[in-house]
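Below: the structure, in structure tokens.
Labels run A, B, C and D following the written order; every chain starts at residue 1.
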Amino acid sequence: MLAFACDYMEGAHEKILKRLEETNYEKEPGYGNDSYCESAKEKIRRACKCPEADIYFLTGGTQTNAVVIDTMLQKYEGVVAACTGHVNVHEAGAIEYTGHKVLTVSSCEGKMEAGRLREFLQSFWQDGSHEHMVFPGMVYLSHPTEYGTLYGKEELLKIRKVCREFKIPLYLDGARLGYGLMSRHTDVTLADIAEICDVFYIGGTKVGALCGEAVVFTKNNTPGHFLTMVKQHGAMLAKGRLLGIQFDTLFTDGLYCELGAHAIGMAERLKAGLAEKGYSFYLDSPTNQQFVILPNAQIRKLREEVYLDLWDKVDEDHTVVRFATSWATRAEDVDALLALL
Amino acid sequence: MLAFACDYMEGAHEKILKRLEETNYEKEPGYGNDSYCESAKEKIRRACKCPEADIYFLTGGTQTNAVVIDTMLQKYEGVVAACTGHVNVHEAGAIEYTGHKVLTVSSCEGKMEAGRLREFLQSFWQDGSHEHMVFPGMVYLSHPTEYGTLYGKEELLKIRKVCREFKIPLYLDGARLGYGLMSRHTDVTLADIAEICDVFYIGGTKVGALCGEAVVFTKNNTPGHFLTMVKQHGAMLAKGRLLGIQFDTLFTDGLYCELGAHAIGMAERLKAGLAEKGYSFYLDSPTNQQFVILPNAQIRKLREEVYLDLWDKVDEDHTVVRFATSWATRAEDVDALLALL
Amino acid sequence: MLAFACDYMEGAHEKILKRLEETNYEKEPGYGNDSYCESAKEKIRRACKCPEADIYFLTGGTQTNAVVIDTMLQKYEGVVAACTGHVNVHEAGAIEYTGHKVLTVSSCEGKMEAGRLREFLQSFWQDGSHEHMVFPGMVYLSHPTEYGTLYGKEELLKIRKVCREFKIPLYLDGARLGYGLMSRHTDVTLADIAEICDVFYIGGTKVGALCGEAVVFTKNNTPGHFLTMVKQHGAMLAKGRLLGIQFDTLFTDGLYCELGAHAIGMAERLKAGLAEKGYSFYLDSPTNQQFVILPNAQIRKLREEVYLDLWDKVDEDHTVVRFATSWATRAEDVDALLALL
Amino acid sequence: MLAFACDYMEGAHEKILKRLEETNYEKEPGYGNDSYCESAKEKIRRACKCPEADIYFLTGGTQTNAVVIDTMLQKYEGVVAACTGHVNVHEAGAIEYTGHKVLTVSSCEGKMEAGRLREFLQSFWQDGSHEHMVFPGMVYLSHPTEYGTLYGKEELLKIRKVCREFKIPLYLDGARLGYGLMSRHTDVTLADIAEICDVFYIGGTKVGALCGEAVVFTKNNTPGHFLTMVKQHGAMLAKGRLLGIQFDTLFTDGLYCELGAHAIGMAERLKAGLAEKGYSFYLDSPTNQQFVILPNAQIRKLREEVYLDLWDKVDEDHTVVRFATSWATRAEDVDALLALL
């Protein structure tokens, strides 16, 4: 079977496995106090050009979103997200489970627009009865978005400006950040993100790690007793080294970017092939997820040989299919997929 | 440095690392739907002699306790634990964070006594105003306990009897289950636990895995839509294979028991050496954690060469020290520790 | 000052005060176990033509919504509401505070349409990844809605049909139910509501009581240990008689309907007067809230003599104003208001 | 029937009912913004000799405890209470429902001792692993306690000293404060409490009101956006005037103290009569609740003519009975009760 259903169908990059093996019998303290977490943090700080960044490793994306959002918000606050945002749709209510509302603004190809955000915040503060409403306490973006799209640097700066105006932090979910940073159509760097956002996370799970996300607080703004709250959320790993070693490896010799670039290369190859064959795209994605409109009959046949992801119904006879490449996708598999189409 | 501070200072058993490597490029669906999870579940069912067991893999102990307790309880219920129980003391309020109270009964060397439990439950139900109280909805034990002690089979059966009487499920936290099962002083088998408990978990993190705990529902009693609630708790791993492969390996050719037995052997060696040298034990632990009373001055010196865990103050001049052996402890390290004492 | 800002600016109907006085020194058990609660329940059962109804009295609307929704939902479920629904907008996140998401469907003049609801539920169940989403576990309507509009009996039956299809209960928030039932443009009776809904509440606070809402479970479907959960929510009144006496009075000799009818009469008088003067309505409300578009300059002047509620901005120069009548509004005050317009 | 089961079996003091009637048709804004709330706050500030006190009115005791504790605590903190404290035993888990643990210290006749509190707090901070534990974030007392006992001023000052040492606020639950202040055996005044505590509440429900508790923040320490969180807890009353008018009346011409003194007089009369007849007391209560040990046979007989409260089992044949007097107890009823004993 060819596998394009998502970007987490394989294990980890082999350098990570090798490093786990090499360090296996070293004795390290638990709960993230090991030397590998320390080293990884230092490398991430450098990669972010943010020497004062405060970094924590968590296990997965939903967990990270819930922990960051819950600990950054006051009890009377909610998080503002695009209505298509991952936290609003596909996290089984993990944010609401922490007691906080996801406040939504309309989205455009998965993205939030600064203008819409400002309108939303303005109308909240103008509303005389806002004491009876959930206070917007943070803005949540993902980059890439659920639809694989990316914010331009200007767009991020505009959103940041609105956040500053209303004095609320900007949080960026980077579950697929490596694929965003290595897109051929982006002007946003890791350092830009560290500079623009108050907190963000660098996704490991989808970019070559077995598991793990690195939360980066960039403005000396880590919530007090953050680790106790991580534990309270059931999100603290006893063998924190598992996360430290992985991120230390990903941020050694540019591996994280290399993996991102590989997936982007494969996605571009696929995209070009699809375009050549005349397929329609649901939208123009500059990252590792490609959304293509296919006839249902063709999909049925294709699924006999390819793992793929059904995204959305277009009409009775057509469906949007998501093909995701990853750090592990091989060129020959892309070609094999194209041959089937 | 010698390392006896806890049982999670090394990585994973090498067979696990090898298996991760061998399977690394196989394409598997996410979220625990992979073939390794399936295989591991089947092996655990056999090891438990419980063919109908329903099994889920989670990442860590606190997370597992929070998810199991929250999903098994009704909203008006709390969990009954020994006052020294891990969920009551060392989980940063992770249970209360889910909205449920930990109801406590007194403990004896870390264990709950069936008699005390019955008294507690009886007095709850006799109390006319119990509608204004938290209903006891589940009993929580750990085996081994926080103090390394073990329940005998008779003791477990008595506790089970009380649970049945009051129609509440019995949950056993097996974070260190491997070390309990392989103790030379136990008559309790894995099959006994599966038979006696309504739900329990088999600890991986402390018994040779990088991470992972296997939750076993033994009575066709998995809460409906359990996986959605796992996700809601931020506890679902995208690459579930990481957990599946580890447990599949641990339950192949008796590795889990082998690792448990090794740690027990090392603990017995240490215990015998300590006794020979005339040290006093805080209590008689039949498992991998040994609690020894040492003069503070000696502890200060020892810590220059040994990672150890301070447990409790005895008096101004003495402290209880915990020495933990593990699947990775070497006989020569035990001997080196003894030589220092 | 004339007062049309809302329907809770006065105390209680004088029969209620009189009854509180008459019964003041009778000794009654607490927590809703008094004879007045019993009598009120019996009268409400009769008014609902639902002899098996199970009835509880709570203090206010937000509290009632939070308690009913939280106790009826499973932990993995959310409540489906119109995006303009009170629980989604004006309750400070009280529903999310209980851990449950408010799932929204678009609304039309404050109302949910059966067709939209069906689409939403269908798309949830069709979505392959719905295990990662919040399950729709209940439908929330309010009648009258936030905009004073009413469901017709046919509309309610259609919504009920969708709920049955998807096996989820239908909950109706009747904070202003008395004004809905007594509208001159409704074909929905209290018995209809009891028959159609699985649970609803009859608002007292806004219809002549000092405080209090009567929750009616109509299908032998009260959640187990409901009172304990009421207490857990901090929603149990020690002197439950305060609520019992008020509802007993409201449901004696048709007082509840009488109060509703009075407010409707006043609203119709106001509406006719406004129409005559050529004012534009934001929408056509058949109940006690009238939404009128006024120039901002006129509003500023009017507010010197009238308490009113600013509802929504229309354009730079116009605003929607809400005038609410109530059980306590006097005809002369309506006329005085009209004279000012 | 004679009624001594609790102190909330009657309605409200007649001055309150009269005032509700007199003000009934005045038009007042909702949600506590009315002139009566304002006036009541001013009177309470004077009574507390605390001109800067910030005051809010809530409906009942459990609600007040949940709201105050939840809003004052950080997310990683719990509240320290005597193990017999109301919040630990008789509130259906309302505190844990907010996500916070109740941390317990042993109690003596319902009271917390400063020494025990200090030991508890010291041992928490000394424990190296306290990052994995719930941080003690507030101390909860009740005055009178569950057992009717009272703190002396010295005792309160000692507890306050410990709180200051560990930098955590002191909260006093005054559900029955009026009866504590008017005890003949107290040296603690309302002004003392305002001076010593960081926040406390003055109980209305049990001291002559229909409902209502007045929360007093004494140190300019009201949590930000407190009212929004009150709403989020479902604890905001639309007709806040109901609470304002009651407290305004209770704090006019010393009515609150008068009611307290009356109940104390009745309790002393009962206590003297019981002592004279040779009955044993469970403990020496200086307030309106008297705990007497009675043979079960006598209790059965007594219950035919008296509402009373069974408190605790002494042995097979004896039970502790609680007799509560209140603002509404008549001397002739005390005498009638004594005649039956």
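The rule we apply is simple: a residue touches a chain if its C-beta (ideal position, glycine included) is under 8 Å from a C-beta of that chain, and two chains touch if they have at least 3 such contacts.
Being a predicted model, the structure only gives us computed values, none of them experimental.
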Practice task
Consider the two chain pairs A-D and C-D; indicate the one with the greater count of contacting C-beta pairs.
Solution key: C-D
Problem - Chain whose Cα centroid lies at the greatest distance from that of chain B - result: C
Problem - Inter-centroid spacing, chain D versus chain A (mean Cα positions, whole Å) - result: 50
Exercise for the section: Quick one: report the Å distance separating chain B from chain D, using the average Cα coordinate of each chain. Expected result: 41
Problem - Distance between the centres, which are taken as Cα means, of chain D and chain C, whole angstrom - result: 33
Problem - chain A: positions in contact with at least two other chains - result: 76, 91-93, 97, 99, 131-133, 228-229, 231-232
Fill in the blank from the handout: The answer for chain D against chain A in the complex is residues 70-71, 74-76, 99, 131-133, 135, 224-225, 227-229, 231-232
Exercise for the section: Would you pull the chain D residues touching chain C in the complex into a rising list? Expected result: 1, 3, 5-6, 8-12, 14, 17, 20-21, 23-30, 59-67, 91-94, 97, 205-206, 210-211, 228-229, 231-239, 241-242, 307, 328
Exercise for the section: Mind listing the chain D positions that touch chain B in their complex? Expected result: 76, 78, 89-93, 96-97, 99-102, 126, 128-129, 131-134, 310, 313
